[in-house]
Amino acid sequence: MSPDDAAVARLDHRRAGRTGEPEVVYGEGKSPATVARLLAELLAGGSCPVLATRCGPAHAAAMPDAEYDPVARLLVARAAAPQPELGTVVVACAGTSDLPVAREATGTLGAFGVTCDLVADVGVAGIHRVLAEGDRLAGASVCIVVAGMEAALPTVVAGLVACPVVGVPTSVGYGASFQGLAALLGMLTACAPGISVVNIDNGFGAALVARRILRAGRR
Amino acid sequence: MSPDDAAVARLDHRRAGRTGEPEVVYGEGKSPATVARLLAELLAGGSCPVLATRCGPAHAAAMPDAEYDPVARLLVARAAAPQPELGTVVVACAGTSDLPVAREATGTLGAFGVTCDLVADVGVAGIHRVLAEGDRLAGASVCIVVAGMEAALPTVVAGLVACPVVGVPTSVGYGASFQGLAALLGMLTACAPGISVVNIDNGFGAALVARRILRAGRR
Amino acid sequence: MSPDDAAVARLDHRRAGRTGEPEVVYGEGKSPATVARLLAELLAGGSCPVLATRCGPAHAAAMPDAEYDPVARLLVARAAAPQPELGTVVVACAGTSDLPVAREATGTLGAFGVTCDLVADVGVAGIHRVLAEGDRLAGASVCIVVAGMEAALPTVVAGLVACPVVGVPTSVGYGASFQGLAALLGMLTACAPGISVVNIDNGFGAALVARRILRAGRR
Amino acid sequence: MSPDDAAVARLDHRRAGRTGEPEVVYGEGKSPATVARLLAELLAGGSCPVLATRCGPAHAAAMPDAEYDPVARLLVARAAAPQPELGTVVVACAGTSDLPVAREATGTLGAFGVTCDLVADVGVAGIHRVLAEGDRLAGASVCIVVAGMEAALPTVVAGLVACPVVGVPTSVGYGASFQGLAALLGMLTACAPGISVVNIDNGFGAALVARRILRAGRR
Amino acid sequence: MSPDDAAVARLDHRRAGRTGEPEVVYGEGKSPATVARLLAELLAGGSCPVLATRCGPAHAAAMPDAEYDPVARLLVARAAAPQPELGTVVVACAGTSDLPVAREATGTLGAFGVTCDLVADVGVAGIHRVLAEGDRLAGASVCIVVAGMEAALPTVVAGLVACPVVGVPTSVGYGASFQGLAALLGMLTACAPGISVVNIDNGFGAALVARRILRAGRR
Amino acid sequence: MSPDDAAVARLDHRRAGRTGEPEVVYGEGKSPATVARLLAELLAGGSCPVLATRCGPAHAAAMPDAEYDPVARLLVARAAAPQPELGTVVVACAGTSDLPVAREATGTLGAFGVTCDLVADVGVAGIHRVLAEGDRLAGASVCIVVAGMEAALPTVVAGLVACPVVGVPTSVGYGASFQGLAALLGMLTACAPGISVVNIDNGFGAALVARRILRAGRR
Amino acid sequence: MSPDDAAVARLDHRRAGRTGEPEVVYGEGKSPATVARLLAELLAGGSCPVLATRCGPAHAAAMPDAEYDPVARLLVARAAAPQPELGTVVVACAGTSDLPVAREATGTLGAFGVTCDLVADVGVAGIHRVLAEGDRLAGASVCIVVAGMEAALPTVVAGLVACPVVGVPTSVGYGASFQGLAALLGMLTACAPGISVVNIDNGFGAALVARRILRAGRR
Amino acid sequence: MSPDDAAVARLDHRRAGRTGEPEVVYGEGKSPATVARLLAELLAGGSCPVLATRCGPAHAAAMPDAEYDPVARLLVARAAAPQPELGTVVVACAGTSDLPVAREATGTLGAFGVTCDLVADVGVAGIHRVLAEGDRLAGASVCIVVAGMEAALPTVVAGLVACPVVGVPTSVGYGASFQGLAALLGMLTACAPGISVVNIDNGFGAALVARRILRAGRR
C-alpha cells in the first residue's frame, strides 16, 4: 500500500454536519490519480462543494471535468450555488506576486457560493491605489487582505473599514522576509484593531474563516 | 514636557466614526495621572465606551469612579448599553493562568455592551471538560479561545462549532513555551478550519475582532 | 575510498550486549549497494533484528529478500520473533500525512517482535474520532503519538490514559509550522502529565524508547 | 475576585481516577495563602500525595506542617507510602547548578512513594565520574538525566544502560545556552537510542513520566 | 580602577577630523559623575557639539548647565550653530510610544545645528493623518521614519516622497513584536524603494545618517 | 490566465512622477516572454530607464536588443543619459562572491545615469587592501558597501569617510552565516556612525537609496 | 541543606592532574560565604592558582585576603608564579564596554602566571587604532580578541598576525545585537583564517584556551 | 566577463607573507575550468601548498595531476613537505557521517605538511570507544573534534587531554539539529575548559587554526 492509497481510505464524510464545512482535498504531495479518486468519492457521496487545493496541471489533467485555476492551483469538481444574501468578501492583495494566494481565497469562496470581489495590486507603497478603492472596500462584510514582505496593507485597510479583516501573510519576498515570517509578525503586531491572522500562504484557510464570519451574522 | 504629557495631546477623537471603535487608552507605561486625564478627556468628549487596558491598582485609585477588574487589569469609565441582539461571544480559556487574558476580552466586550459567556478551565488535558460545555459553545456567534503552552484548545473548539474561532495565544508557560511562541505557532498551524489568530496576550484585540464579526452579520 | 566504503568498516557489533539494541542501518545518503552490504554483514553476524531506516525503492531493490514498506521507508532483513508478553504499543497519528512516521514506528516495533496497534487519523479537529478509540488506547502499555502542525493529540491522549506517552512531532505542515518546530514546541509544552518527546519525524527513535519502556517493566 | 481566588475554585478532583495522577499545585505566581488553601482542600479531599511545586520560603511558612525542600522548591503536605516494588528511578545530574531541577524530580518521586537514587555531579567533562557510578545506573528501571549547557550526559548514560532515559534540559548556562535551548536541542538530537525529553527545567514532569513508565511494567 | 574610570581615559578626540562627527558619550551604564567628567573633557577640548545619549535625570542633575530632554533622554552640553542651508530633516513617528526614539533623533540633529521637523502620531491605521502632512513631508531633504509594531509607515512615506527615507524600528509593542524584531524585518522588506534601516531604537544613529546625507549633497 | 499574464496587466506608469523612480521589472519567477512584454510596454510608454533585475540568460535571449550583465543578472533595455553632476557612488565589496550583488548595484546606477566606481575585493581580512583605496573612497558622495559572512567592511569604511554608507548584507557564506543573517545583524550593529542597511542581497535597492541621497543634495 | 551547601561538597580536586587546570569557582548565584568556603578549601588543598569568577563586591568582602578586580569581577586567592617562557597572550578589545570581559581574560591569565598585554579600545571604526598597535600584536603567541556589536576586530587582527586568534563575542550592544548573537555569528563566519570562538562573554574560557595553546607549543 | 572570470583576476599572492597561510581556492560555485586556472596560477607563482576545497569530481577531472579525495572533496595540486617537528594533530570524529568534514581537516593538514591522526567513529553513545583511544589522544599537540547532532564529543575529549581542543560542529542530523545549530550551540556551551569552535562543517578552518597553534609553540 502506498501512502496515497492509505490516504484514500480516510475521508471524513461527517465534517459538514458538525462544522458546516465539507471535507476538502489537500493536493500537495498526492498523486493525480489519488486526488481524482478522492474527488470522485466526495462527488459520489453528495458533498458540496467538492474541491482540491494546491494542485498542479497534472492533477487537473486527471480530473478533466473539474474546473482548474492554475494561478490559484485550485481544482473545483462541484461548486455550491451562489449565496449572495450572505454578503460580499473583498479580497485585497498588495502585489501581483500575492495573486496566487489571493485567488486561492477567491476560488475557494466561489466554490462555496460566496460572492467575492478581488482588489489586486493595492500595495501601500502607492497609497493612492488602496484609497481609490474605498467604495469597493466599503461594500465588504469581511475583508481578506493578502500581503507579503512588510505586509502593511492589513493595517491600512483595517483603519478604513468597520468590518473584520483577515490577514494572510505570504512567503513572497527574499532575504529578511524569511519565507513569510516578516509578514506574519507584521500582521500580528498591526496597530489597527479588527485584524486577525491565518497561516502563511493560507488563502484557503482565510476563505473558510470569512465564510464562518458571514454565516455568524445570519444565525 | 514628559512622555506622558506628550501622550495627552494626541487622542484621536475621530476613530469611532471611521471604524466603529472609539479610542481606547493603553495603560502600560503611562502614569496614573495621565491615564486619568485621558479618560476624563474621552468622557468629556462623549466617547462611548471609555476604557483603559493594562492598568494596575494605582491607575484604578486615580480614577475612583471607574470600574476596575484587577484580574483583567481593565478600567472602565463608561460602558455602552447592552446590545444582546448582536449575539453572544463565548470566551473559552484553557487554564486559570489564562484568566487575565480571557477577562481582558470579556471585560472589553462588556464595556462595548456585547453579551459574553466565560467558559473557563476547559484545557484539553481533561477533554471531558470542554465536551461538557457543548451547549454553551453552541450558543456562540463567535468563540474567542485563550490558551498558552501548546494551545490545543482552539483546534478542538473549531471542530465542535460552526462559528468563527478567534485564537489568543498567551505567554503562560516556561522553557520551550518561549513567552507564548509555542502557543502562537500552534494556533497558526491548527488543523481545524475557521480559526484566525491575534497577538500573544491580546485579549483586548480579540474582543474587537469579535465585535466586528458580530456587526458584520448585521449589516 | 568513498564515504560509503568508509561507513562499511564501522558497524558496532557490540551494541546489543550493552543496551539491548543491535546496530541499525540509517539508509539516507547511503548507496543501495552499501546498505545491502551492511545488512548482509549484520545478518552474517547473527544480529537480530536486522533493519535499515529511511530507504527508498532502490535500496529495496538491492536487497530483494528483505521486506520493504514504502510508506515507512523501512527495510527489514530479519525480524525478531513476536514477544506479546511485553505488552502492546499503541501508535496513534493525527492525519494521513503523519502515516510515514507512524509506520516507521510500527515497522520498527514489528521488527523487534513488539506487538503494536496503529490508530490512524484521530486528529483533534474531530475530537469524536480519538474518543471513539478509547478501548484501543486503554489497551496500551505505551502510547506513541505522532502529530504535525499544532500537535495537540499527545495532550488529549495523555489526559485519557495512564500509560507513558511518547510524542513524535512531524514536519508535516507549511508556513508557521517551520518544518516541525511548531509541533515540537507544542509537545514540549503540553499541559498534560506523562508526555516525553523525541526528535522531529523520529518514528524509529520513538519505537526504541517504547521498547525500553516495555522492557523496564519486566526487569 | 483576585486571580488567586479564581484559581481556588478550579481544582480537578477527578484527575487521579483517569490518569493515576492527582492534581498538583503549581506555586509560581500564586500567593502563599492561596497555595495553603489549595493544599488544605486537597488534603481534605483525601488526595494522595498532596504537593506544590515552585514554592518559595513564604509559601512554606504559610503551610508549616508540610515538608519543604528549598533546593527543589517543593512543598509536600502528604506523601504516599513507599512503593519499592515499582523499581528504582536513578536521577543523574551533570553539575551542582542542575541540582534544583534534579531534586524537584526526586522530591516529586518521593512524594509519590517511588524509590529513587540521586547521582549528582557526573558531568561528562570528567567522564570517569559517570563511569564510576555504573552499578547505581545499572540498578535503575528508569533514568532521569538532568543537564544544562551542552547536555551531553543523556547520550553517555543511554549508551551505558538498557532502561529508558528521560532527559531534562536545564536553563543553566549563559550566552549561547540561550536559557536552555542549547541543552534542549542537544538532547533531542542525541545519537544514542532510548532517550526522550521533557520541557526545560521540568523536573516535576520527568518524575511523572518516570512513574508512568514504572507502572507500565506492572500492568 | 572602576569600569567608569577606565572609560574616562579613552575619548577619541580625533574622530571629527576623520568623519565629520565628534565623539558622543553613550550614557547608559555609566555613572552620572563619569558622564559629567567626559562631557567636561569634550567641552574643554573644543569639541562641538557636545552631547550624551541615553541619560536619566541623575545624569542631568550632575551636569546642571547642560540642556536635558527627559523624553529623548538626551543631555546637550554645547550645541552647534544652526545650519539651515543644509536642508530640513523630517522625523515622522507612528505613535506616541515611538516619541522617545523620534526625539532622540530630533535632539541629536538640533545639537548638530540641523533643522528638523517632527511629524508625530501619523500611524497608518489612520492613513488620513500621514496624507494630511503631505506638505511637511514634501519639504524634507531626508525623512527619518520611526515606527514599532508592524512598522508600515516607512513604506507609505517612501511612496509619497522622492527623498531618502531612513527607517528606525522601535521596540514598542509586545508579544509577536519580539522587542522590535517585527518592526525591523518589516522595514528591511519594505516594498517601496529608497528606504534604508538602522538598528532598533537607534534614533541617534538615524540622525547621524541623515546629517551625512545632507552633507553629501553639499560636497 | 497564467500568473505571468496577470502580472502584465499591472504596470504602474505613474510611479516616476511621484517618487522619481520609474517602474522596474523583477525578473525572478517571471517567464522570458513576460519580462520581454513588460519591458516593451515600458519602452513604448517612454519610461526611462527601462530595466529588469534578477534575469537569467533565457530572459536575455528573449530581449536581444537589451544589454545583459550575467554577473549582475541585470537586463537594461534603455539607459538614462549620464548625470555626472550628481556625484559619484563608490560600490565596495569584500570578496569576489559578493560581486553579483555589487554589480546589481553598479548596473542599476549605470542605467539611471549615475556615475559609479566599483572597488572590489577589499575584505578586511587583508586590511591593507581597503586602506590602499583611500583616494577612491574619498571621491564618493555615497558609499555602497556589499559584504557577506561577518560583514565587517561597512564599519571600516564608515570610519574612513564622511559620506553616508549604505550596507548590503549578502547571503554569501555557509553554516552560521544563516543565508545572510550574520551579515545583516553585523551591519545593523556596526559601531561606526553613518551606516544604514538594506535587505540581504538587495543591490538594486541600495542603488536606489544612493540615487535618492545624491538627489537630496541637489534640491 | 541549601543549594550553596550542596555545592560545597563537590569540588573536583583531581582536575589539575588530568587536564592541567585546577578547579575554579564560578561565583554567580553562590553566596559570599559559600565562595569563601570553596576558596578556603582549595587553598588548603594546595591547588594553584585559586580563583573565583563572576564575583561581586560582597564576595570580595567575604574573602579579604584575596585580590579583587571589580571590572573583571575576579577574585584571586592565590596566583601562580609568572611563567614568561610560555610566551605572551595579547588581549585586544574593541571598546570600553568590552573591558570587563577582556579583563576577566587578563586576570585569569595573570592568576595562572601567564604574561599578557591588554590592547584596549582598538575598534575597527577607527582602523588606525589597531594598525598603530602592530608591534604589540606581533609580540603575541596567541591573541584573544574581545568584541561586541558587529565584532569585526577578530577578522582584522587575524589578517595581521600569524598566531592563533581566539574570539570572545560580548553581549555589549542593543537591538539587533540580540545579547551577543550578532557578535557570535560574526566571529564564526569571519573571513580570515586562524580564528576560533568561545561562548559569549566567556573571557575566562578564552584565557584557558590560550593557556592550553601556549603549553601545546612546549610539549 | 562571467563571475568565474572575475574571480580569476583576484588571487591574493601576498597572504602567505603576512599570516603564514597561502591563498586557498574555495571550489563551491566555481566552474572546473576556473578552479583549474586558479590552481595553475598559484602553482606558477610558487605558492605552497596549492589546494582547493569543496570540489566535486568534475573539478578533479579538470586538474588531472592534482590529488583528489572524494570524501573530503579536496583537490591538492602541490603539498608541502612533511613537518613532523611541529607535533601531531589528532582529528577525532563522532560518526561516519562526520567523516567528510574530518577528512577536509586531515587533508588540509596533510597538504600543509602537518602530521595528523584520524580517530574516527568514537561517538559518546558508546563511551568505551573514545576511552579506548586514550593513547592516541594523549599524543596530540592539538585535537580537532568533529561532531554533529548533540556534539558531546568535544566535552569528553577536553576532559581527557591537556591540549587545546578545536570543535567543528557538522550539519549532520535532521529535525531539531537545524542544519548544525544544535551541534554549534552544544560546543559553545561545553562545560569542559580548553574548547574553542569554528563554523559549521568548517574542517578546513579548523585545520588552519590547528596549524597556527602548532606554530605558536615554536616561536
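As written, the chain order gives the labels A, B, C, D, E, F, G and H, with residue 1 at the start of each chain.
What we mean here is this: a contact is a pair of C-beta atoms (placed from the backbone, for glycine too) under 8 Å apart; a residue touches a chain by one contact, two chains touch by 3 or more.
What you see is a predicted model; the values in this text were computed from it and never measured.
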item: Between chain A and chain F, the fewest steps along chains that touch one another; value: 1
item: Mutual neighbours - chains that touch chain D and chain F alike; value: G, H
item: Fraction-based call for chain E against chain B, same above half, different below; value: different
item: Furthest chain, CA centroid comparison against chain H; value: B
item: Separation of mean Cα positions, chain H and chain G [Å, integer]; value: 26
item: Separation of chain F from chain H, taking each centre as the mean of its C-alpha atoms, in whole Å; value: 35
item: Averaged-CA centre spacing for the pair chain C and chain B, given as whole angstrom; value: 42
item: Junction residues of chain A - those touching two or more other chains; value: 18, 126, 158-160, 175-177, 184, 188-189, 192, 199-200
item: Inter-chain touch pairs (all); value: A-B, A-C, A-E, A-F, B-C, B-D, B-E, C-D, C-H, D-G, D-H, E-F, E-G, F-G, F-H, G-H
item: Contact footprint of chain E on chain B as seen in their complex; value: 1-3, 6-7, 10, 12, 14-15, 18, 29, 169, 171, 180, 184, 199-202
item: Residues of chain H touching chain G in the complex; value: 18-21, 87, 141-142, 158-166, 184, 188-189, 192-200, 205-206, 208-209, 212-219
item: Chain G - residues contacting chain E, complex; value: 70-71, 96-97, 99-100, 120-121, 126, 174-177
item: In the complex, chain G residues that touch chain F; value: 94-95, 123-127, 131, 149-152, 155-156, 158-160, 173, 175-178, 181-193
